[in-house]
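Structure provided below as structure tokens; questions to follow.
The chains carry the letters A, B and C, assigned in the order they are written, with residues numbered from 1 in each.
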Amino acid sequence: MEQTGASHRSLDALAPKVTAAWYIACRVDALGAGPVRSMVHGRPMVVFRGAGGDVSVLVDRCPHRNVPLSFGRVVGDTIQCGYHGWRFDGEGTCTHVPGLPGDAGHPARRATVVPSVVQQGFVWVWPDADVAPHGTPFRFRHLDDPAYTTVCRSLPSPGSVFMVVENALDVPHTAFLHGGLFRDDTAQRREVTCHIRRFHDRAECAFVGERRPSGIAGRLLSPSGGDISHVDRFHLPSITEVEYRLGDENHVLLNGACTPVDDTTTIVHAVVSIRSRLPGWLVRPIVQPLALRIFAQDVEVLRLQVDTLQAFGDATFVSTDIDVLGTHILRLMHRAARGDAGDPEAPPFERTTTMLV
Amino acid sequence: MEQTGASHRSLDALAPKVTAAWYIACRVDALGAGPVRSMVHGRPMVVFRGAGGDVSVLVDRCPHRNVPLSFGRVVGDTIQCGYHGWRFDGEGTCTHVPGLPGDAGHPARRATVVPSVVQQGFVWVWPDADVAPHGTPFRFRHLDDPAYTTVCRSLPSPGSVFMVVENALDVPHTAFLHGGLFRDDTAQRREVTCHIRRFHDRAECAFVGERRPSGIAGRLLSPSGGDISHVDRFHLPSITEVEYRLGDENHVLLNGACTPVDDTTTIVHAVVSIRSRLPGWLVRPIVQPLALRIFAQDVEVLRLQVDTLQAFGDATFVSTDIDVLGTHILRLMHRAARGDAGDPEAPPFERTTTMLV
Amino acid sequence: MEQTGASHRSLDALAPKVTAAWYIACRVDALGAGPVRSMVHGRPMVVFRGAGGDVSVLVDRCPHRNVPLSFGRVVGDTIQCGYHGWRFDGEGTCTHVPGLPGDAGHPARRATVVPSVVQQGFVWVWPDADVAPHGTPFRFRHLDDPAYTTVCRSLPSPGSVFMVVENALDVPHTAFLHGGLFRDDTAQRREVTCHIRRFHDRAECAFVGERRPSGIAGRLLSPSGGDISHVDRFHLPSITEVEYRLGDENHVLLNGACTPVDDTTTIVHAVVSIRSRLPGWLVRPIVQPLALRIFAQDVEVLRLQVDTLQAFGDATFVSTDIDVLGTHILRLMHRAARGDAGDPEAPPFERTTTMLV
């Protein structure tokens, strides 16, 4: 059975490259006075906002002498290279070559445009130069909802998108690696039913019978205890979603939109929306340090995972029934990397298993 | 003649890989509260001592998600991975998977065992996964002898095992690189006869007519001067032995058991046993700083040797009659690396030469 | 047209290797007490001056155990290896092997000689082991002229020789990257005629109608302003020359003799000769900090250029009519790298264009 067999894989198999997709390059807020450099699937990009307010993204290489445009600055609606002062507008057209008599706009001097969309305060880019952009970026469900307190943080992590996503959606390690912070290994465990469904563009696991997590986070969010509703989801190409409902009042939605910098580095753009009996000013200073501590522990273990994979030169991931989402995420990513969108009409793959939580 | 001809070699030729052999992973003393990571021939291992006192060695990779087991801790007679808390006994059997209902011991979940032996306070390992362990580790002759003062130190050095071993058994450089500390380049030299013998599993050179070394070390160990008996030996796969007798009273045996970390790094486990007129409490504080100073000079020159070999991409070692052991060591190591044990019944190769010492 | 078309090139195409040529290894002044290590086209060399005053250059690898000879010291007219004390004279002959009875000069023990010439205080070397040295090193025109104040500095820069040379002879970036220091982007520009000529061994551009540079440097060197005579030259294999004449009194000649360390590092041996109304003691403290500031800005941009080329794995240099010398320099270097000396009798390639300076 797939779930319990060991498998020897190449390292590439743990880093499927889904290039024809939307990824976050940066937050719009990051575009202050100057341009921002961003790297997606190994492709350097420069994001800049012109005087008119439009945000543009170009490949971060001046066509003239191949210095990064992000070394330059924004002049009007153009970005100006810091070496010879060539200027490019948001369409990549060269508008000015200092010292050159006549027109600057020779087509050979074009900078390469990266398709981009601004949505909910994020700049999303399409890194695949060979596939025309299609579809729309992921929407964060409660980011614009005034009933929710939302916190955004962008954090780099070691690991491929798959490794980071599997870690973020993995329940069993929380009781152990994050023991005491969130779940607890020593507490009495309860058998929880796991309903797994894999659609053409996402996979999810709904946990039935789970009690409020025993750690600090659980006690804060649900002082009265009681059963919770908990669903973990993965959305292609790289979005994690952890959703808790504790009674009618408390709703926690944690999204992580992952941007592949390269095969071993991922930036997690975390968007956490919380509706709680507790006011936002109280939730924020408690949840943030806790989340950062958990993230730091995950970064440490992912660093070790990357180093070990590289030292051995292959992977031998063996999975069990409680590794509920990992194999489904990997399957979806590999299919998408091949350019296969899957069949939206097909019924989902379904499976039910149990876990002691 | 082999001894005087220049030879262009690939870098690999200076790093023969004898994998089917016993190497020291660590001292038993190093296994305090937690596991110890060790690398032999590029293979990461974790050494741990269970509650029952048994020492075990596993490949340092959890079969589940390939995090190093040395990131975890010892629980009873098992080592527990720090990521999801899986536990493995000394046989590599998975004994516990937190959260998984039912039996943990699925064969696919086995960790890989590295054959090991505890002897004289050292943990010896057999790094070759394809060849069954045979033979016994090297025994340090006077390590357990109360008539001797013994000091053990484990020190990393640049260089392949061959490069480190040749350096350790090389007499001519001592007068020069270590001038004043041990031997001296400016002193009147004397012609010494060198009897070289190469057996199937070792090579040695006995020096006849050598005076007490003129440097600090010689004066301390033999205040009255006089002739000495001096033999240098190499034991396969990686053990150096330098033996001095100065009169009836003084006997110095310096062993270096070399562990190949990779092609350019070696750990020298030095075991120095001394029987002297001087008491141990007096010998130790004099000999140790001196030995460490000498070792630091050797490390510096081996670092330069490694860097130069890599910069040029090949080696051009030219040898003379006073490079008495190097070529024999290399020949023994290359034969062993091919899996050829040699003929124990064959008479040794013998050669006599002279050196000005 | 070549000048305006974009070209995709491999990185090698921007680092043509002209090995059969004279390059500066170091200044003679640098040979104080000990030997100097120098790297040319990836080949490590040791330069030393014997007791008799002769300067010699050997490949920086002792033939015995491949430690760099530059680790050793000069003894009489020989260089002595720091490991075993072998000595080599300037012809590479081994003159002494400590401890070896009999003659040391076995031909197998020769160190490899690098052809060298001492001229105007510099040690020039011929790095190509397969082509016999011919021709003579470049002469700095006013280095020995008492009417001139000459300053020499050796500075490392990122980039291949071509990249560093093109940058040093590029006029348009001065107004921009070095804006305010030398030329100025905001000042009123004037149309200047550029006469380009490419000979078999050099290329040059004479600028007609150029005003005194508006920055600090120009004002210092020509307080009264007025037209200047300005020629930029490239001499094979790696020499830049920038020449200004401002009236009869002021003559500035800036040479940069570039030594290729490897494909991405170049050492610029700058020789600046100035004849001015101002006395040398006044020119020096003003010009030096300015030149170092300009050089530091060029180093920063060349570092970015190297990093970008390596990140993308190719180059897409697009040139315009005001990139007057770059393509000609590259053409000369590629021809020389193929071993083609060109036709000294052929009339030069000539071209005239205009630039706003």
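What we mean here is this: a residue touches a chain if its C-beta (ideal position, glycine included) is under 8 Å from a C-beta of that chain, and two chains touch if they have at least 3 such contacts.
These figures come from a predicted structure and were not determined experimentally.
The touch graph of the protein chains shown is complete.
Because chain A and chain B carry the same sequence, their contact can be compared by residue number, and under half of the numbers here are used by both. Averaged C-alpha coordinates put the centre of chain A at 48 Å from the centre of chain B.
Shared interface positions of chain A, defined as residues touching 2 or more other chains, are absent.
Partner chain B is touched in their complex by these residues of chain C: 42, 44, 60-61, 63-68, 71, 82-85, 97-101, 106, 108-109.
Per the touch definition, chain B reaches chain C in the complex via residues 4-6, 171-173, 175-177, 185, 189, 191, 301, 304-305, 307-309, 311-312, 315-322, 354-357.
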